[in-house]
Amino acid sequence: VKVLIVMGSESDLTVMQETAGLLEEFGIPFEMTIASAHRSPGRVSSVVAEAERKGVDVIVAGAGMSAHLAGVIASHAVVPVIGVPINASPLGGLDSLLSTVQMPPGVPVAAMAVGKAGAKNAAVLAAQIIGRKDPAVLRRLRAYKRKLARAVEEKARGLSTETKKTR
Amino acid sequence: VKVLIVMGSESDLTVMQETAGLLEEFGIPFEMTIASAHRSPGRVSSVVAEAERKGVDVIVAGAGMSAHLAGVIASHAVVPVIGVPINASPLGGLDSLLSTVQMPPGVPVAAMAVGKAGAKNAAVLAAQIIGRKDPAVLRRLRAYKRKLARAVEEKARGLSTETKKTR
Amino acid sequence: VKVLIVMGSESDLTVMQETAGLLEEFGIPFEMTIASAHRSPGRVSSVVAEAERKGVDVIVAGAGMSAHLAGVIASHAVVPVIGVPINASPLGGLDSLLSTVQMPPGVPVAAMAVGKAGAKNAAVLAAQIIGRKDPAVLRRLRAYKRKLARAVEEKARGLSTETKKTR
Amino acid sequence: VKVLIVMGSESDLTVMQETAGLLEEFGIPFEMTIASAHRSPGRVSSVVAEAERKGVDVIVAGAGMSAHLAGVIASHAVVPVIGVPINASPLGGLDSLLSTVQMPPGVPVAAMAVGKAGAKNAAVLAAQIIGRKDPAVLRRLRAYKRKLARAVEEKARGLSTETKKTR
Amino acid sequence: VKVLIVMGSESDLTVMQETAGLLEEFGIPFEMTIASAHRSPGRVSSVVAEAERKGVDVIVAGAGMSAHLAGVIASHAVVPVIGVPINASPLGGLDSLLSTVQMPPGVPVAAMAVGKAGAKNAAVLAAQIIGRKDPAVLRRLRAYKRKLARAVEEKARGLSTETKKTR
Amino acid sequence: VKVLIVMGSESDLTVMQETAGLLEEFGIPFEMTIASAHRSPGRVSSVVAEAERKGVDVIVAGAGMSAHLAGVIASHAVVPVIGVPINASPLGGLDSLLSTVQMPPGVPVAAMAVGKAGAKNAAVLAAQIIGRKDPAVLRRLRAYKRKLARAVEEKARGLSTETKKTR
Amino acid sequence: VKVLIVMGSESDLTVMQETAGLLEEFGIPFEMTIASAHRSPGRVSSVVAEAERKGVDVIVAGAGMSAHLAGVIASHAVVPVIGVPINASPLGGLDSLLSTVQMPPGVPVAAMAVGKAGAKNAAVLAAQIIGRKDPAVLRRLRAYKRKLARAVEEKARGLSTETKKTR
Amino acid sequence: VKVLIVMGSESDLTVMQETAGLLEEFGIPFEMTIASAHRSPGRVSSVVAEAERKGVDVIVAGAGMSAHLAGVIASHAVVPVIGVPINASPLGGLDSLLSTVQMPPGVPVAAMAVGKAGAKNAAVLAAQIIGRKDPAVLRRLRAYKRKLARAVEEKARGLSTETKKTR
């Protein structure tokens, strides 16, 4: 297991599956669990301790509202912690974004964008971190980057063809 | 000791002394300490456990930025937790306010206004909570409330006199 | 009656029933009524006076937009007042949140999160306040806290099982 | 007395004197007092009742933070109420602006800009309201409007001359 | 005609009909038209000039986005101008609210809440302004205020009865 | 005269001189004047009419608060209008930014950043627009772009040298 | 080809077609393509280089989230760049608006309103820029401006007729 | 060289020195340079290419306003990119924060808090990433974490002693 994905509540699963799906694509083994900074603080610290014992390289934490989960994990961990703010209140995710990113000096959380885009990017950043020591993952990242660029070019060609047809 | 005041950093002291000063005025014994949710998570849980053992009635927590302190204390405590957001970043305190107030269901933090006004009000709310079982504190609260109203009336008279003189 | 729930308008009922439901679970007797700080100011002060006469321990106030209800109640009361900001305008609840939480020095409102999460937490905070003098409520709070933690663990196990099945 | 100016605290005086100064320029008699929606709610309602008895045409209310003053006055009054949000917290006046302007249906507050600009405009709006029945005030308003336009033209000429000199 | 209602676009009609409906209830004659500060600036100034010639007492302006309509009308008028910010962009009405309320010194707009609540309150404020010289309108305003208070009391009774039945 | 710079108030001059200074550097003749959308609406339309008669290619408008100036100019003009939001209230320029940029369909304002950065960029954009028909200006723009890039490289060299010395 | 429309992703097409549609109405030849500042940076610079070689007069860029596309294009181009912020995250477009408009000194982007209104206005601004050297386009712009004003007047007449019928 | 620090402008140096200072403390070799996404795009891509050739493990990018620097670097790099938003406009850093963190899917930036706190944390996160393959750095991180916790405890003791003395 290289990456641990933790989410604050079961309802965050549809967002955090974006991380899981992309990690699978990169061939990076991961585990996924639920632990709430507020409802099960003991579980958070034991989950982190176990992850570090197993040699996990990155922890990804997704949470909404006063999203303390990533910060609380970072207070216990020396591995990099990636935070995914989830939009779970009428405030449009600004609450979880600021709770995640505005960490005080000494205890960083690598904050991603709010929601599914951020959850996907958590997987890419995790791969980039692991790629510093695993050449296979680095190769897959390079391929992924080329694929993204190619996809844009194909869409551009598609748009151009379609536009010609329409007129 | 009836109230424990916790702050995330020494720099929060000038704000949190407002709580201390007003608790003294209400004759409510308190203790004040520093514990960081992010830099000393172990200390936070031991400080809370000790406070509950001593029979503290309220915990007041002041913190800035991703202000997780009050929320993390609330995750450990069954006593009421009052959170004072402190303006400690260029974002004007919106970060600490949202981090403090937007707690998920099950684990409340009683959020106050950002800064010194909130720190003062934390003392008043603590007194109101203690006042539910301590008639002496309740009497002092009633006197404080009358004093506030009288002070407004005196200021109003002062303004009226001054205005007459000026013209 | 230990808790009075006041809401500014009938349309706030679906939110404030979260407070009522959880108070019932805690076995705390309560009453629920409607009073508007703006449309029926006289009713607000008489409702507060009557509640204090009856010995109510906590007042919970839910309101949207310029949510003055909790603040106006706090201006009349010496019991703790909990404010639940309700999202009732295109501004996403930021208006009711700031109106509720930014109380001036001397007159606190214990602000909760915007919407249903906040309404639930108002019941938990009320129970925590009452629990300072009622050991039975304190025991139920401790049980509730354990239940929250267990629920997280069960969800975590469920997720783990499901993940294994899927692969 | 045609206009009553109420402010929530003595510290609002430097802002609210802008209203007073401009009302004097319009020759509109006014009174100025202090009354806090939160610290002296009884005083607010008696001040409003007395103002309506005296036949006041407009009430101007200036307050900061959770600026409930104008709204609470509006709940008691049938005369137009003008609200001036005052910047009195780290949130830059957004709290007092939203508390003042987002009034629920049925009880309007005529909200002005945050701070001194708003305090000045409160005097102009009061004059416009009184001008509907007092032709002398209406004439002074027309003169004031011409003066504003002329001042712009003079500044424009000054700028043009200065620019020519500089080059 | 006592009140002129102007809206920036046909799509604002569903909001501004709230103003119209309540003015009818107050028995205040009004006219309603469309004029855009940006697409038909000439029409705006001629509409204002005609309204002032007809002796209109109040102009109500509703607009979305960069809501300049009320401000532009206020630049031409000496009658009170009431601005209703309309939520017409992804920014949730914050754009139209700030564009409407933050008027520079000398040219006030009486800003209402965003959307239908604000449109209703524009009618109440218009009635309050007209009520300064028309005792019949003042009487209807007093009756409206009592009706609002009574409606709250009836809803409160309904809630109380319903709660008893349910249990 | 190719560019007209208009500002809403004399106090905007220190910001708008950034536009003037850079236009001089590009060798583009301009005029600068004051006209307020709210205090001198007639002057705004005559200034625009005169500018279009003179064949001005771009109008730059700087204003604070409810910054309607650029929008009102755009309502009269068919030349491109560039808007510079100026920070002139406690809200940090968010009011003038949203008032400037959120123009309704049909009447664009080319919005720049808040303050001096935006004022400088107004000059660059004006030069880019004029550069479409004036090869000399286009050449100066290309030189300016190279100068910006070179300045970065020099600063980078300076930093590198300084860092070496320090260690 | 006079205008190049670039969008960051295929999902921006429904918004950016507003630009395309209106450019067609103005008779201005354009091309439309996809290029992502983040996923295909090389493509962005080659697309810009090609556009400048072809003599394109304006580039319009639409993007959401951290909308860097317009800024990155502006870093390569000396033609005017118009940025359309697209609402593509839970933050309501505030992210793309600020990313687009807050350009540092030296490299302007002409920012439009968020979404379809902004996309339409990008076409009008492009026409205004081209109109500085193409009298035919300028004529069509003048006609468009008259059409907008007439449409408002027709809507106003329709409203007036409908109101009369209803009563 | 393990870490490359890039800043958008010389004025960002006082903030970014926090990163440099802490990297030195961790014994991690780094280089620091200036490259602007907008004024020197070519330099950005060559700086990134050179850094990846040298085997740099992390790139830290600090920038203000429309902070595109980190995102543009991330578009070229496969190493992890850490973004430090810098408060460089009247908007309080909200512009640079949202520009940095809201990256679209596929191209992550690890966003830190606004300003010096974020710059410090960039060094810690860089050390955590390098620590995954360098046990010496991991040891120093563990020591740093203990030092942070001890510093809190010492401050707490200091506060306690001081409080006793004062009373």
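Labels A, B, C, D, E, F, G and H are assigned to the chains in the order they are written; within every chain, residues are numbered from 1.
Operating definition for what follows: a contact is a pair of C-beta atoms (placed from the backbone, for glycine too) under 8 Å apart; a residue touches a chain by one contact, two chains touch by 3 or more.
These figures come from a predicted structure and were not determined experimentally.
The fewest steps needed to get from chain A to chain D, moving only between touching chains, is 2. Taking B-C and A-C together, the chain pair joined by more C-beta contacts is B-C. Interface repeat of D-E: among B-H, B-C or D-F, the matching pair is B-C, sharing over half of the residue-numbered contact pairs. Chain B and chain D have Cα centroids separated by 33 Å. Each chain gets one centre point, the mean of its Cα atoms, and the points for chain D and chain H are 47 Å apart. Between the CA-based centres of chain E and chain H the separation comes to 50 Å, rounded to the whole angstrom.
Multi-chain contact residues of chain E, defined as those touching 2 or more other chains: 9, 36, 39, 65-66, 89, 91-92, 94, 97, 101-104, 106-107, 113-114, 117, 148. The chain pairs satisfying the stated touch condition come to A-B, A-C, A-G, A-H, B-C, B-D, B-H, C-D, C-E, D-E, D-F, E-F, E-G, F-G, F-H, G-H.
Touching chain C in their complex are the following residues of chain B: 57, 78-80, 82, 97, 101-108, 110-114, 116-117, 120-122, 124-125, 128-133, 138, 141-142, 144-145, 148. Residues of chain F touching chain E in their complex: 8-9, 36-39, 41, 45, 64-66, 68, 71-72, 74-76, 89, 91, 94-96, 98-104, 106-107, 109. Residues 9-10, 13, 32-36, 39-40, 42-43, 65-66, 89-92 of chain G touch chain A in their complex. On the chain B side of its complex with chain D, the touching residues are 87, 92-94, 97, 113-115, 117, 148-149, 151-153, 155-156, 158-160, 163.
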